[in-house]
Amino acid sequence: MLNIGIIGAGRIGKVHTQSIVNYVRTAKVTAIADPFITDETKAWAEGLGAKVSLDYLDIINDPAIDAVLICSSSDTHSRISLEAIAAGKHVFCEKPIDLDVDRINAVLEALKAKPELKFTVGFNRRFDHNFRAIRNAVVSGAIGKVELVKVTSRDPAPPSAEYAASSGGIFMDMTIHDFDMVRYLSGEEVESVFVQPAILVDPAIGEAGDFDSAVVTMKLSSGALAVIDNSRRCAYGYDQRAEVFGSEGAAASANDAASNVVISGAQGCTGEKPLYFFLERYMQSFATEVEEFIDAVVNDTPVPVDAQAGLAAVLIGIAATQSAKTGLPVKVG
Amino acid sequence: MLNIGIIGAGRIGKVHTQSIVNYVRTAKVTAIADPFITDETKAWAEGLGAKVSLDYLDIINDPAIDAVLICSSSDTHSRISLEAIAAGKHVFCEKPIDLDVDRINAVLEALKAKPELKFTVGFNRRFDHNFRAIRNAVVSGAIGKVELVKVTSRDPAPPSAEYAASSGGIFMDMTIHDFDMVRYLSGEEVESVFVQPAILVDPAIGEAGDFDSAVVTMKLSSGALAVIDNSRRCAYGYDQRAEVFGSEGAAASANDAASNVVISGAQGCTGEKPLYFFLERYMQSFATEVEEFIDAVVNDTPVPVDAQAGLAAVLIGIAATQSAKTGLPVKVG
Amino acid sequence: MLNIGIIGAGRIGKVHTQSIVNYVRTAKVTAIADPFITDETKAWAEGLGAKVSLDYLDIINDPAIDAVLICSSSDTHSRISLEAIAAGKHVFCEKPIDLDVDRINAVLEALKAKPELKFTVGFNRRFDHNFRAIRNAVVSGAIGKVELVKVTSRDPAPPSAEYAASSGGIFMDMTIHDFDMVRYLSGEEVESVFVQPAILVDPAIGEAGDFDSAVVTMKLSSGALAVIDNSRRCAYGYDQRAEVFGSEGAAASANDAASNVVISGAQGCTGEKPLYFFLERYMQSFATEVEEFIDAVVNDTPVPVDAQAGLAAVLIGIAATQSAKTGLPVKVG
Amino acid sequence: MLNIGIIGAGRIGKVHTQSIVNYVRTAKVTAIADPFITDETKAWAEGLGAKVSLDYLDIINDPAIDAVLICSSSDTHSRISLEAIAAGKHVFCEKPIDLDVDRINAVLEALKAKPELKFTVGFNRRFDHNFRAIRNAVVSGAIGKVELVKVTSRDPAPPSAEYAASSGGIFMDMTIHDFDMVRYLSGEEVESVFVQPAILVDPAIGEAGDFDSAVVTMKLSSGALAVIDNSRRCAYGYDQRAEVFGSEGAAASANDAASNVVISGAQGCTGEKPLYFFLERYMQSFATEVEEFIDAVVNDTPVPVDAQAGLAAVLIGIAATQSAKTGLPVKVG
């Protein structure tokens, strides 16, 4: 039985904890740390039989803990990762590892010295049933050689301008998931990127120095193409689709809705809107990513998403940010 | 070049004429007869180079006419068919040949004496792209042995009670197309029928002695099952679907709409309603049925829908009418 | 905190237990009884902190238990229900309560004497996201007055002839869920039923005195119609669809698949087959039905599916069985 | 009755002629000219009652001809347009008017001098039922302010390298339709364009100096974005889709197939591939564009696609070609 420590008991920390409790028979959440933990969360954590602490170092320093899930604020991810690796813990680190490449590289270096440790980064969408089915179609050869990857990713509602300003920008905060999806679906590296950005949703986001809409085109290592379209606001909910086109065909996913019922009447034939909230849309993927991380630790098999994936997505994000600023295509890395 | 005479220049007579003009290179409409022809229709007919007459016997008696399309009122179909056969014309007869079995049999007898003549009955839906694709799937073996045929057939708006009363009833007037569809899709005969009728749309239809809604179940010659659901009114248009379920799978069609565009917004994801009017929905099938009839004449090959099909559908309709009255299952024929 | 006892630790007993553990914060499984419990199941139960017993009477007689879930073999449902009611327990009883109407009525009588007790029967499909969305459309008035309910229900693979013979027959074993669905979707009672049965899948099922295919038509209390088509074998998986047609439109559901990905290639455009196994297809509904039962107990609100629903479905099943034998329509009850 | 002359009796010339014969009551094809006319085509033309000539000047110089359809080889379009305008004919010119901007401008100048003449360019896809339904949704305000236009356009099979070399390149030959579609759907001008081209289908096309795959991003006059993805080869047929995303929602079209039948079986649930050939896919649009051109002439109303549209698409194509060569974004015009 693996002993897991949860660092950060906010929304995503709770989701992961609950996934382990509900679905994982080989691991147990034995400690939860959060400096701002509420009474309610404390009671919930203790109800699960976990020790509760304000200081995550209580987890890092606990020799009984085998693995940690780093769910704290983004700016602490790389530091806590380094401390956890130093303490010999397996690490599940929420994305991004860091926005700074040097600090991500420090984590990669630390891992080289401890090859027995598993480290994964939380690109949960790779575990989504639809995107995985597309990837499986690619791997199976059903669509031939990959020629084009398309990702549509639209948030239901825009963040505040303050959030946008502090988030590292749309490409580091939002598109980073889509960059990883392009790498995942194609199995290739992104070589160059061109961004056509726009401010169409909220001028305040523009005033804060960020964008709220973009089309991002990419050249992949095989010569294949990729394109992402993003918007920070979507009137019909959370729009999350992908398509891979290849020499023998294409695999494409649609959105998920709460039901597939269609109501036909004088107004037309109306189906439900896509699931609105990312925790609804991707709930199953969050559970699967934690399950597969723990499986990798227990069975000493490769993690599904390694630290390199965390670096690669950030490097693309940096190039995209630069392209948006310069209006020119930019090579990655 | 086949010379065609059109008997009856109402809506469907015009549709067939236009199909020949537009799509058929091997035939020419040389005469059109209608006792109630309007000036406008007369001008249209003459514009096509056709002789116009008030008396259909001018067509029957014209030795230059090779084939006639009988598009006159239903109660004249069998009589004119007999006259046309006697005059040595090939016949395309709109459905039904007659509501009276003896009179249909008289036509079949007349045809036996003239095996060189082609005779077809206008079950146009057999020529519809969707239903034909289902039939092709059945014939190809793709769905294995047929076990169940399902037909959904709902009119956009109910007829007047007067029409209902004089039409021979819903099973002879409306369901007769669906009975033929069951025979077509399955390639089997209907052995018995049970009707669960209802008056849900317009009480006046009930007062006129007819029904406006029904579920009809059938046993087919192989032991397979069939079911039709009918309504005389459908809020979202003309609902025309079919499904055949077999030992190896199923083939099912959806409705056709004017476009496949989906508009997603706060209200949901809305596609267009099905095409509302039977002439829109089945326009292509009307053209194909006439083309294939003329091909059969020109090439001396079997007609796609023979007179026997006209008899069979009426026999099922008679059994269905009786079942609706008695509340009991009824054997066909 | 409600204390729950699980009677019967087979497949469905485990599913319900796990649902409570994973999703219900207001209840705890404190005891599990099964005369044939395996070592593995025993270890699992004890791991959940439940007392394990071979004798369900240990649960019935335990004053600390507030509610029981009866997941034992079907022939014990009514007897254990009566004992549990006598002991003052709330009861979640798997379907059917009994195949014998007198014994179901005994349970209803016992409940009349204890109006403070909640009793529900496990028609889980009412809690399915798709069917519930149809029901919501009906209740909202979006489709007007109900005129026709259609249910398609096809199992992926047939049972053995032995099972068929001992199950009470297809109408009591399989169609009973669909009868309940007709009642649920329409909000009406079934007044009469006509069955067109067939043996198309496995002759041995016929030799055992049962059927493997059927079309069932029904007249509902408002005069509306209903139709169910069943097959014991479906080449493409578990086919579970419904449609309600009304005066203002229709609401229809499609099957659920593991993903919505479509692979387009030389073969066509291919989506995944429906989920094959009922526990996959209906897993979410099993969780919701247990949650809502416990909510009803905790909040003293009406249960979503009452004992009367268990009786009604059996009465329709009995009428259907008789119709299949006689070939005639049969009034229900 | 408008007298029409057809210049060029190749594939598209025949399609337009047939559309006029079949669907247009206000016009008559009275002359057809083609220097390479076959005996078969000559017989067909004469069968329609048209004068046949080898020299298109016979049409230009015929005072009885009101309008001409220029369906000759692309390099003759602007010259014949100028001659027809000079002769006072209304002109339907197949796309492109020319690949040279000066020569297009010469046509625009000539038209300024004869404002009574109608001139249209054959961007037939604007008349397609699906794309028009999207445009209607935009115009109606149903999706709010346009933020992104997406066009997917994939040919079923690549041209020869020789064709590619002489066609003006993929952006002038193929994408030009999609550029017009972006302008049509958005109602905006394209301000700048960036092309990410690739040679993924046929290296010979690359050796001929052209590309066979591309992602093209555009900035529109309102600040909105657009993206086109092209491939010269698509294993599942002719892929022609569009989507417009706006502040209030999105409108998206799917492909058209010969039927909507889905065959479900062990292999999955398979629908038909999109229509393979552009004449099948766009047949209805070809008829509608000719009808609406003739309506504009007859009623003296604006043509649906004016000469300016022909220029605009070429200017975007030129910018795209330059972007593909330089790897940089390029301003249009």
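Annotations
Order of writing sets the labels: A, B, C and D. Residues in every chain begin at 1.
Methods note: contacts are C-beta pairs under 8 Å (C-beta built on N, C-alpha and C of every residue); 3 or more make two chains touch, one makes a residue touch a chain.
This is a predicted model, so every value here is computed, not measured.
Greatest centre-to-centre distance from subunit A is found for B, with centres as Cα means.
Taking C-D and A-C together, the chain pair joined by more C-beta contacts is A-C.
Rounded to a whole number, the gap between the C-alpha centres of subunit A and subunit C is 39 angstrom. Our note on geometry: subunit B versus subunit C, Cα centroid distance of 42 Å, whole angstroms.
Mean C-alpha position of subunit C lies 57 Å from that of subunit D.
Of all residues in subunit A, those that touch two or more other chains are 143, 235-236, 248-250, 264-266, 272. Residue ranges of subunit D in contact with subunit A, taken from their complex: 143-145, 147-148, 150, 154, 194, 196, 198-201, 213-215, 217-219, 223-227, 229, 231, 233-236, 239, 245-250, 327-329. Against subunit B, in their complex, subunit D makes its touches with residues 21-22, 129-130, 132-134, 137, 142-143, 248-256, 258-266, 272.
Across the complex, subunit D meets subunit C through its residues 235-236, 257, 264-273.
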